[in-house]
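Some structures to go through are shown next.
Each of the two complexes below includes subunit A, the first together with subunit B, the second together with subunit C.
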Partner chain A sequence: MSDNPIVSIRNLSKHFGRFKALDDVSLDIHAGEIFALLGPSGCGKSTLLRILSGFETPTSGDVLLDNKDLVPLKPNKRPINMVFQSYAVFPHMSVEDNVAYGLKMEGVAKAEIKTRVEEALEQVHLAQFGKRKPHQLSGGQRQRVALARVLVKKPRLLLLDEPLSALDAKLRDAMRLELVKLQEAVGITFVIVTHDQAEAMAIADRIAVLNEGRLRQVASPSQLYQKPVDAFVADFVGTIHCFDIDSAAQEGDAMRVNSALLGTVKLPSDAVAHSFDSAHSSSAESVVAIRPEHIHVAAQQPLTADVALLGSLGDIAFQGQHSIVEIMLDGRASLTAVTTNSDAQALHAAGTGSPVWAHWSGSDMLLLPKDAKGAFS
Partner chain B sequence: MVPLGIIFMYSFGENVSLVEVKTTWTFDNYKRIFEPELMTLLWRTLWISILATAICIVVAFPVALVIATASPSSKAWLLLLIMLPFWTNLLIRTYSLLNILGTRGRLNELLGWIWLRTNDFLTFVGAGDLGLLGAKFVPIKFLGTPGGVVLGIVYVSLPFAILPIYSALERMDTSYLEASMDLGAGQLQTFFRILVPLAMPGILTAFIITFIPALGQFLTPELLGRGQVDMIANVIQRQFKGANDWPFGSALSLMLLYVTFILLALRAFGDAARSKREANL
Partner chain C sequence: MPKHYRNKKKPFEYSKKWSLRSVFLLATLFLYVPIIVLIVFSFNNSRRGGNVIWKGFTTKYYDKAFNNEDLMLAFGNTLTIAIVATIASVILGTCTAILLWRFRFPFKPLVEGLVSLPIVIPEICMGVSLALFFSAMGWLGNTSDIWPFNLSNIMIAHITFCFPFAAMVIRTRLQSFNREMEEAARDLGATEFQVFKDILLPHLKPGLVAGALLSFTLSLDDFIVTFFTSGPNTVTLPVKIYSMVRFSVTPEINAASTILILLTLVLTFFALRIQTKDDSIL
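Presenting the complex of A and B:
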C-alpha cells in the first residue's frame, strides 16, 4: 500500500441550514484499500459518500482525487462510480443493457462493449443472466448487476452505500467474503458506507468512525477495537463496560485510577488511550472500561485480582461457541462476561440470583476520554 | 344500463314510421358506418384526437416534472392551479375560449402585437424593406378550423394528462436518475433513456384518459369548429335530432363505445403484465 493517498479530504464541512452534517472532516484514503465509513444513522457518512459521488457540494473544504480538485466536477464527469443502497438497477432494461449503459454513455465501441459486459457479468457470476430483466432476478442477483454495472467502467474509486443491508443474514455473510475477493481481483479502491460495525470490521482494511458529523477515529479494525480513541468509539465497535472515575494520576510507569465502584486500580501505560491527556484527568471527562471477553466469573472470591466485584448471577445466553453471562451489580448496573459453555453450565447449576464474583486484570482495562475532540490515533 | 340496452336494440332496427323504430336485427346501420363520407368523418375524429392527445402529453410532461420536483408548499399551489379550471363549467370555459381564439380575440391581439414589435425591430436593424413578415399582420383563423378544435381539446384535457404523469414522476425513486448520472449520462440522456421510460405507465394513463374523451368530444367541435369541423359526436347528435335516424345514431354511438372498450382492455392487459413484473421486484 502506497503512502500516496488516492483521495484526500481536507477540512470538509457540509451544512444543511443550521444542521452540520459534516464538521471539519479530514482523512486520506489509500489506493487499493477497502475503506469503511462507519457510524450511527445521521452521523454524516452518507453525506460524505454523496460528496464523493458529486451529488452534494461541500459547504467548505477540499476533496482531492489523485491530487486533483474533485469538487467542481459533475457526477457524470468523475471517474467514480457508486452502488446504490437500493441498487437502482434500471427496471426497463435487461441485465446486459444495464451493464452496458455506462459504457454507451462513454462512447465505447460496440464490439468492445460486448466483450467488456460479458467479462463483468462473468466476474459477478451472472454470465447466464444477461438477457433477463431485473424483475426476474433475486435481490442478491440484482446487487451483482449493480456491481457489474460499475466494475465494467473500471473506476478509480468505487462507492458502496450500505451494500449488504438489504440482504438476508446468510447471504450477507457470503457476500461479505465475495466483496473482499472481488476487490482483491479488480484492485479498485472501495469506499463502503455502513452502520454495521461487524460488517465494517469484517470487510475493511481501515475504518473511519463518524458521529454527529465529526470524525472520531481512523484506524484498522483491530486497532479500533483494542485502541479506541474514546468511549464512543469503544462502545460503537463492540460491547464495553465503562466506569466513572474520581481521579487519575501518573504513578511511575502506570496510571493510578480511583473509581467509586472499582476502588483504586493501577493501569499499565499502554492501557491509556493516546488521546488521554491531563485535560481529561478530571472525573467528568474520562472513564475506565473493560470488554466482556476480559471479565472472568467465579463463584468464590478470587485470591489475586486487580478488580473483583461481588454481584448476583443474571441471565445466561448460549451463543454457540461461547456463552454470555450477566452479573447484576447491586441493582445499579449489570456486567456481561464472555465465558466458555462449560463454565456457563457450572454457573447455571448454582441458579439465577446466587452470588458470583466478576474479576479482571487492570492491564485489560482502558482509560478513555469520553469524547476525544479532534484527537486521532 | 337500461338506456344502453335500448340503444343496443335500436342499433339493429329500422325506422318504420316518423316516431317508431322496430328492431329487425339488421346490420344495415353498421354497414353504413363504412361509407366513404363517414370514413372521412371517423378519420378526422381520429387524427384530431390523436394530435390533441400528443400535444397534451408533450406539454403535460414538463409541467408534471416541475410540479413533482417543486418544494412541498409550492407543489400544493401548483396542483391547485391545475385543478382550478375544473370548478368552472365546461360550457363557460369553452365560450371564453371563443373570446380568446376569435379573429379579433385576445390570442390574435397578442400575436399582432408581437408581429408589430418584431417588424419594428427588423426596421431598426435595417431589414424592414425586405418584408420578411409580409406587408401586414394577418390574424390567424382558429375558429372553424381543425387547429382551433385541437387547441380547444388540448385546453380541456391538459389537467387530465398532467395528473397521471405527475403521480408517476412523484413516485419514482430518484436513485435511478442519480445512477444514470453516476454512470456518465448527461441530463438529456437521463431524461430520454431513464426518466421517460420509467414514467411510461403514467404517460399511457394520460394517453387513455385524454384520448377517449377526445374521441367523443361534442362541445368543442360544435362551438370552436363552428359546424365546419364535425367530429363523430356531432354527427351522432344530428342523427337523434335533425336527421331523426335513431338506429344509425345508436350504431355510431356503440361504435365509439367498442373502440373505448378495446383501448381500456389493452390498457388492463398492460397493467396486469406490469404489476406481475413489479410484484417480483
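Presenting the complex of A and C:
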C-alpha cells in the first residue's frame, strides 16, 4: 500500500439540524484498495458516501482527492462514480445506452464510446445483452449494468452503496468474489458501504467501523476481529461474550482482572486492547470478553483452565461445518460455544439441561474499553 | 362413487349472473344509445334532425356542414384553441408538478390548494368571473385583432381550467420517479438540464400524454366558459352548435357533432397507444 492516500478525510462533520450524522471523522483511503464503511443503519456511513459523491456538503472538515479539495466540486465534475443501492439503471435506455451515457456527458468521440462500452460490458459478462432494455434483465444483471456504467468512466474512486443487499444469498456469494476479481482487474479504488460485517470482512482490504456518526476503528478484517478497539467493534464484527469487571490492575507482564462472574483472571498483555489505559480500569468503563470459538465445553470439570463456569446445556444448533452449543449460566446469562459436530453429538446424548462446564484460557480473552473515544487504526 | 357438484359460481364471477348482466346491458344502452342515434340520424334524409323517423340514407348534411363557412370557422377556432391550450397546459402543468414535487417552500399546502381550485369551482362561476375579468380589462375578442390573436382570451380561459388537470396527472407520474436515477445521471456527469431532458422527461412521457389528452378533450368540448368569454366573431364549435339548435335542429348538427365525436375518439386511441407502449418499458 502506498503511503500517499488517494482520499484524505480530515475532521469531517455533517450535522442535520441537531443530529450529528458525522462527528469529526478522519481517515485515509489508499489507492488500489477495497475500503469498506461498516456500521449499523444510521451510523453515518451513507452520509460519508454521499459527501464523497457530492450529494451532501459537509458542515465542517476537509475531503481531499489526490491532495486537492473535493468539497466545492459538483457531483458531475468529480472523477468519482457511484453504484446506487437501487442500481438506478435508466429504464428507457438500452443497456448500451445506459453504459454510454456517462461517456456522452464527457463528450467522448462516438467511435471511442462504442469500443469502451463493448469493453465494459465484456468486463461484467453482459456482452450479449447490449441491445436489451433493463426490464428484460434480472436483478443481478441490472446490477452489472450499473457497474459497467461506472467502470466505463474509469473513475479515480468507485463508490458502492450496499452493493449486495438486494441479491439472494447464492448470488451474493458469487458477486462478492466477482467484485474482488473485478477490482483487481481494473485497479480502481473501491469504497463499499455495508451494514453486513461478513460482507465487509470478505471483500475489504481495510474496514472503517462507524457508529452514531463517529469513527470507531479502521483496520484490516483480521485485525478488526482479533484486536477490536472496544466492545462495540468487537460485538459488531462477530459474536463475543462480554463480562463486567470489578477492577483491572497491571501485574508484571500480565493484567489482573477481577470479575464477579469469572473470579480473578490473568490476561497476557497482548490480550489488552491498546485503546485500554488506566482511565478505563474502573469497573464501569471496561469489560473482559471471549469469542465463542475459544470456549470449550466439557461434561467434567476441567483440571487446568483459567476460567471454568458451570452451567446447563441449552440448545444445540447444527451449522454444517460446525455446531453452536448454548450453555445456560444460572439464570443470569447464556454463552454460546462453537464446537465440532462430534462433540456436539456427544453433548446432545447427555440431554438438554444436563450440567456442563464452559472453560477457556485467559490468553484468548480480551480486555476492552466499552467505548473507546477517538479513532485508532 | 365420486361426488358430483353442480357447477357453482365462484366468487367474483359476477358476469355469470343474469341479473347483473342485464343491469350492465341497460346501463350501457342508457349511456350509448343516444350517441348512436345521433350518429345514425346524421345520415337521415330529413329536414329536421329531431325527427326520429328514418327517411333514407344521405350524406348531404355532411356536405352542408363542410360547406357551412360559419360552422367551419367555429371548428377551426375550436381546434386552434384546443391545441394552444393543450401545449400551454402541459408546459405549465409540468412546471407546477415539478415545483410541488421537488421543492419545499412556505405555504406549500396553500399553493397546492390554489392549483387544484379550478377543478372544483363550478364552471359557471369561472365563466362569469372570467367574463367580468376580460371586460374589465377591455379584452373582449376584438374583431380587429388578426387570427388567432382574437381568440387569446378564450385560450387564456381554457388554460386556466385545463392546466390543473395536466398538473395533477403529471404529478402522479412524478411520484413513481426514483430520485436515485436523477443522482445517478448527475454522478455520470450530467448537468441539471441534461438530467431533466434525458432522465426525467422520458419518465414523465406517459403522464405528459395523458395530461395533453385530458386538456385537449376538456378544451375541445367546453361550452360554459367559452360561452362567457367568446365574442360574436370568436365562436367555437360547441357554442355554434348551441346557437344552431336554438334556430332549428337539422341533421347538419348531427353531422357536426359526429365529426367532433370521431375526432376525440381518434385522438384518444392514439394517446392510449402511446401510453401502453411506454408502460411496457417500465
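The rule is simple: the second predicted complex is superposed on the first by the 375 of 377 C-alpha atoms of A that agree within 3 Å, B and C clash if a C-alpha of one lies under 4 Å from a C-alpha of the other, contacts with A are read in each partner's own complex, and residues count from 1 in each chain.
Everything that follows uses one rule, which is that contacts are C-beta pairs under 8 Å (C-beta built on N, C-alpha and C of every residue); 3 or more make two chains touch, one makes a residue touch a chain.
The structure displayed is predicted, hence computed values, not measured ones.
Model built by superposing both complexes on subunit A: subunit B and subunit C clash. Once the two complexes are overlaid on the shared chain, A:S53 sits against subunit B and subunit C alike.
Once the two complexes are overlaid on the shared chain, A:F90 sits against subunit B and subunit C alike. Contacts of A:N81 after superposition on the shared chain: both subunit B and subunit C are touched.
When the two structures are aligned on the shared chain, A:G353 is found in touch with neither subunit B nor subunit C. Looking at the shared chain after the overlay, A:K153 reaches both subunit B and subunit C.
Of the two partner chains placed around the shared chain by superposition, subunit B and subunit C are both touched by A:H135. Overlap of the subunit B and subunit C interfaces on subunit A: residues 53-55, 74-76, 80-82, 84-86, 88, 90-92, 101-102, 105-106, 133, 135, 149-150, 153. Residue ranges of subunit A in contact with subunit C, taken from their complex: 53-55, 74-77, 80-82, 84-86, 88, 90-92, 101-102, 105-106, 133, 135, 146, 149-150, 153. Across the complex, subunit B is touched by residues 53-55, 74-76, 80-82, 84-86, 88, 90-92, 101-102, 105-106, 133-136, 149-150, 153 of subunit A. Contacts from subunit B toward subunit A in the complex involve residues 173, 175-176, 178-186, 189, 193-194, 197-198, 200, 277-278, 280-281. The touching residues of subunit C, counted against subunit A in their complex, run 178, 180-181, 183-191, 194, 198-199, 202-203, 280-282.
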